[in-house]
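Chain naming follows the written order as A, B, C and D, and within any one chain the residues start at number 1.
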Amino acid sequence: MKLNIVGYYFREAVQSIWRNSWLSMASIGVVAVSLFILGSSLLLVLNVNSMVGALESRVEINVFIKDKTTPAQIKEMEEGLRSMPDISEVRFISKTQALEEMKEKFGDKKEILSGLEEKNPLPDTFRIKTASIEMVQPLAQQIEGLPQVDQVRYGQNVVEKLVAFGRWVRLAGLVAMILFAIAAVFLIATTTRLSVYARRREIGIMKYLGATNWFVRGPFLLEGMLLGFLGSVLAVMVIYFGYFSLVGTIKVSLLFMLTVTDPGLILPVLEGLVALGLIIGAAGSTISMRKFLMV
Amino acid sequence: MIHLYNVTKIYPNGVKALSDVTLSIRKGEFVFLVGPSGAGKTTLVRLIFREELPTRGQVIFNGKNVGRMRMVEVPYLRRRIGMVFQDFRLLPQKTVFENVAFALEVAGSGRRDIRKRVPVILNMVGLAGKAGMYPAQLSGGEQQRVCVARAIVNNPVLIIADEPTGNLDPETSWELMKLLMDINRRGTTVIMATHAWDIVNAMKKRVLALTGGRLIRDEEQGAYCYEA
Amino acid sequence: MIHLYNVTKIYPNGVKALSDVTLSIRKGEFVFLVGPSGAGKTTLVRLIFREELPTRGQVIFNGKNVGRMRMVEVPYLRRRIGMVFQDFRLLPQKTVFENVAFALEVAGSGRRDIRKRVPVILNMVGLAGKAGMYPAQLSGGEQQRVCVARAIVNNPVLIIADEPTGNLDPETSWELMKLLMDINRRGTTVIMATHAWDIVNAMKKRVLALTGGRLIRDEEQGAYCYEA
Amino acid sequence: MKLNIVGYYFREAVQSIWRNSWLSMASIGVVAVSLFILGSSLLLVLNVNSMVGALESRVEINVFIKDKTTPAQIKEMEEGLRSMPDISEVRFISKTQALEEMKEKFGDKKEILSGLEEKNPLPDTFRIKTASIEMVQPLAQQIEGLPQVDQVRYGQNVVEKLVAFGRWVRLAGLVAMILFAIAAVFLIATTTRLSVYARRREIGIMKYLGATNWFVRGPFLLEGMLLGFLGSVLAVMVIYFGYFSLVGTIKVSLLFMLTVTDPGLILPVLEGLVALGLIIGAAGSTISMRKFLMV
């Protein structure tokens, strides 16, 4: 491609944006709104994921050990558990510790438990955290089969609910995001189509003057990309500032929720939006023009 | 240069605009195309320009069958033809200068070339002072002359002018005719569809007469007349 | 009926299209408006039609100052004027029939009235067979005649025709002129801007000549000429 | 208005939709997508609200009663509690019942508690549910002040979290909905503007033929309303069928979540969407036309 033509493309694109300032602003607006919706739902999914992750990490398996197990056997068992790949944390709670904990739970009424020190009925216990919540159930079953294990408890009910909830949130988030992405593409395609439609005569005339398809397409393509770029930058700016100020206010009132503020996670999202803006702009104008180039 | 063999054009809505037209135009000729309103003059030049495809028959331009041309070749055909459209077809978002320059840009001319050539042409059609205006800010006759300027700026091998004097006063019309004759003298073929009987009669050039889609007369040094 | 007092029109971009024009047209007159391309003919009729407002001076139509008219009155002014636009202004999404019918619908005519009247008018301009076609499917001259049909269908008190024969062959042009004369004879005022010197000379009607925005001649039974 | 003109409006509107079928489809699409987004987020908020409500209703206040309180005083107190407006449920748990419950919790190891029957250290308890979760804390404080009350417990931590979560979800839902509503209106305004822009010449010509503003506006207005109506019906249909099939699949895997399926709640949403479609269509075309009517 000659430098001539590239220069021509740029001049035409900028001029057209300027002269159709009204139409240009509308297109930028649509791109911005669509990408804003898309970006927001992406961040929402990121956050929900991190929240679900945080909740998951709190689910523990309690492994009660048979009364006659020797300390050596316990040691050996602990090492065995630590070597299992799906286990992220193993904590040993001795009979005595367990009783202390129980007393604490009873609070004012701990006198009920007095006299139990001599003949402590509580077992030694391993508290195990798993790498992922899906692993809780299979691991629990596996551990139950070990010889020294008396019983395994893991709040079956809570875990099942959490697993279901996590799956549901991820599914819903994914579905919502896909819907929004489709909606965004559809909206932008519609807008670029309308704007090309509003200029169909112009495109036709260019062809009648002997312009090749690429020559006609070039400025429109560049124009679409510029508009997409501007729209996405707008969306990214709104999301960026809006998100961090929102996170700021939420953090104060809602310490237990782990909001994602790691730039390493958020920046790719924003960069992706800008790239998407460029692609959408270019694709929109190319596809929309096809019909009118057939003269 | 141009040959039409048994060309018939039926529009999709069933109107038969041309029926069985056969004619040849040699390089360097100056040809008037006359006929009543709706006779098929515009349709005929559209076929040469490949704005429409013939329903039957062949249109040959410089040895190439225009109707069978591949899409990618069409732009190069059109660049070699300077067309003055009956309905003007100016780009509304471009100034007069840019409209004329566009024909050059399409063909890949450099900016320096464009800046030199366009003012000369605008001067020729008497629009030197209107270069910066948009088509909507021009009178009918001025718009028509912008079309003429755009058609000739590219030094085409063929100029097709579809009623180029319809909105012009007699004086300006004659200036335009002199311009076309000048260009014709330098070897460019000119086809002009017109209703201006006075001009046709005065010029004594070849006249093709259409009526109801049929070619009914073809006279060298003819006069304006479309009775069989 | 129409009075212009010291009317000057300067377009926003600084072009002085009319300067200090004063003239009167009586009811029932037939007036030709001549002048070179860009003289200001279209601008003058635009002022009467209130498409543009005069920069200075007054335009009076039937005793009303057109320039000072309120927005709500404008439609009723326009309904009483039948305008043949130089650039046609047909509605592209409507058929020929619908385009002509639209002028009646605008004025509140009933459907029965429309279905009776439109075909008669289309027949008058020689387009009886084209009623169902869209403007893009018509030849230049046919489109122009649709404009004429639309302008006269409403029985206006004033017909303004801006170069109505620019795309017509001499024969059709004369038929159109006869139609306009007929209508004029029945009391309708007609203003016609034109470059057709042969028609002007043959008709021997009043001729107003503009050059460079100035009214330089005003002759009863005049000839086509715009030298001072 | 004459019947003549109404007929004309309808004919013109339907014809224009039909002839500009391409543009019409685009507009219907935009309306449908926008209202779909709006409607979905509305339903989401409804569901989250009902879920939060369901969770809230599970939070209880435990009121422990002093040991020497007589059954008559307890009776009196219970009536006092029941008469408080913010309390939705009052359940009395006697010492004996409390011990039974505790034994059940200990399960296999309930022998720890054997021998306590004679000298039951657990107090009589009222379990109270409040009408709304926000009332838990103030009510607890109020009840603590009663003479027979020994101590009030309500899982301070959980309640605070739930209150914060509920607020957050409602706020987020509201913000999202407002954003979507704005986005929808903006998008539709843009589209109708573009479609009017694509026909600006037509509008101008009508005015030149002596049409009043209302005469020009009428068909466009009706067209906008028809397009808005069709778009909203499309959106409503997709939401309706999509929602119920989604609810169907979720219910199986996620019994504890109370999804809203009450037609009395959902129908108004859908009807509102249709009304909104009509309004948006009419407003869009009216506003968009203003500029081009000035000739």
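To be clear about the criterion, contacts are C-beta pairs under 8 Å (C-beta built on N, C-alpha and C of every residue); 3 or more make two chains touch, one makes a residue touch a chain.
Since we're looking at a predicted model, the values are computed, not measured.
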| item | value |
| --- | --- |
| For chain C and chain D, chains touching each | none |
| Minimum number of chain-to-chain contact steps, chain A to chain C | 2 |
| Cα-centroid distance, chain A relative to chain D, in whole angstrom | 24 |
| Between chain B and chain C, centroid-to-centroid distance (C-alpha), Å | 28 |
| Chain B and chain D, separation of their C-alpha mean positions in angstrom | 67 |
| Geometric centre distance via CA averages, chain B-chain A, whole Å | 62 |
| Multi-partner residues of chain B (each touching 2 or more other chains) | none |
| Chain-level touch network, classified as line, ring, star, complete or other | ring |
| Pairs of chains in contact (touch as defined earlier), listed by label | A-B, A-D, B-C, C-D |
| Chain A - residues contacting chain D, complex | 22-23, 26, 29-30, 33, 36-37, 40, 108-109, 111-113, 116, 121-122, 151, 161, 164-165, 167-168, 176, 179-180, 183, 186-187, 190-191, 193-195, 197-198, 250, 253-254, 256-257 |
| Chain B to chain A touching residues, read off their complex | 49, 51, 72, 75-79, 83, 85, 89-93, 102-103, 105-108, 110-111, 150 |
| Residues of chain D touching chain C in the complex | 2, 4-5, 7-8, 16, 19-20, 201-202, 204-212, 215, 295 |
| Footprint of chain C on chain B - complex, ascending | 11, 13, 15, 34-38, 41-42, 86-87, 133, 137-142, 145, 162-163, 166-173, 195, 197-198, 224, 226 |
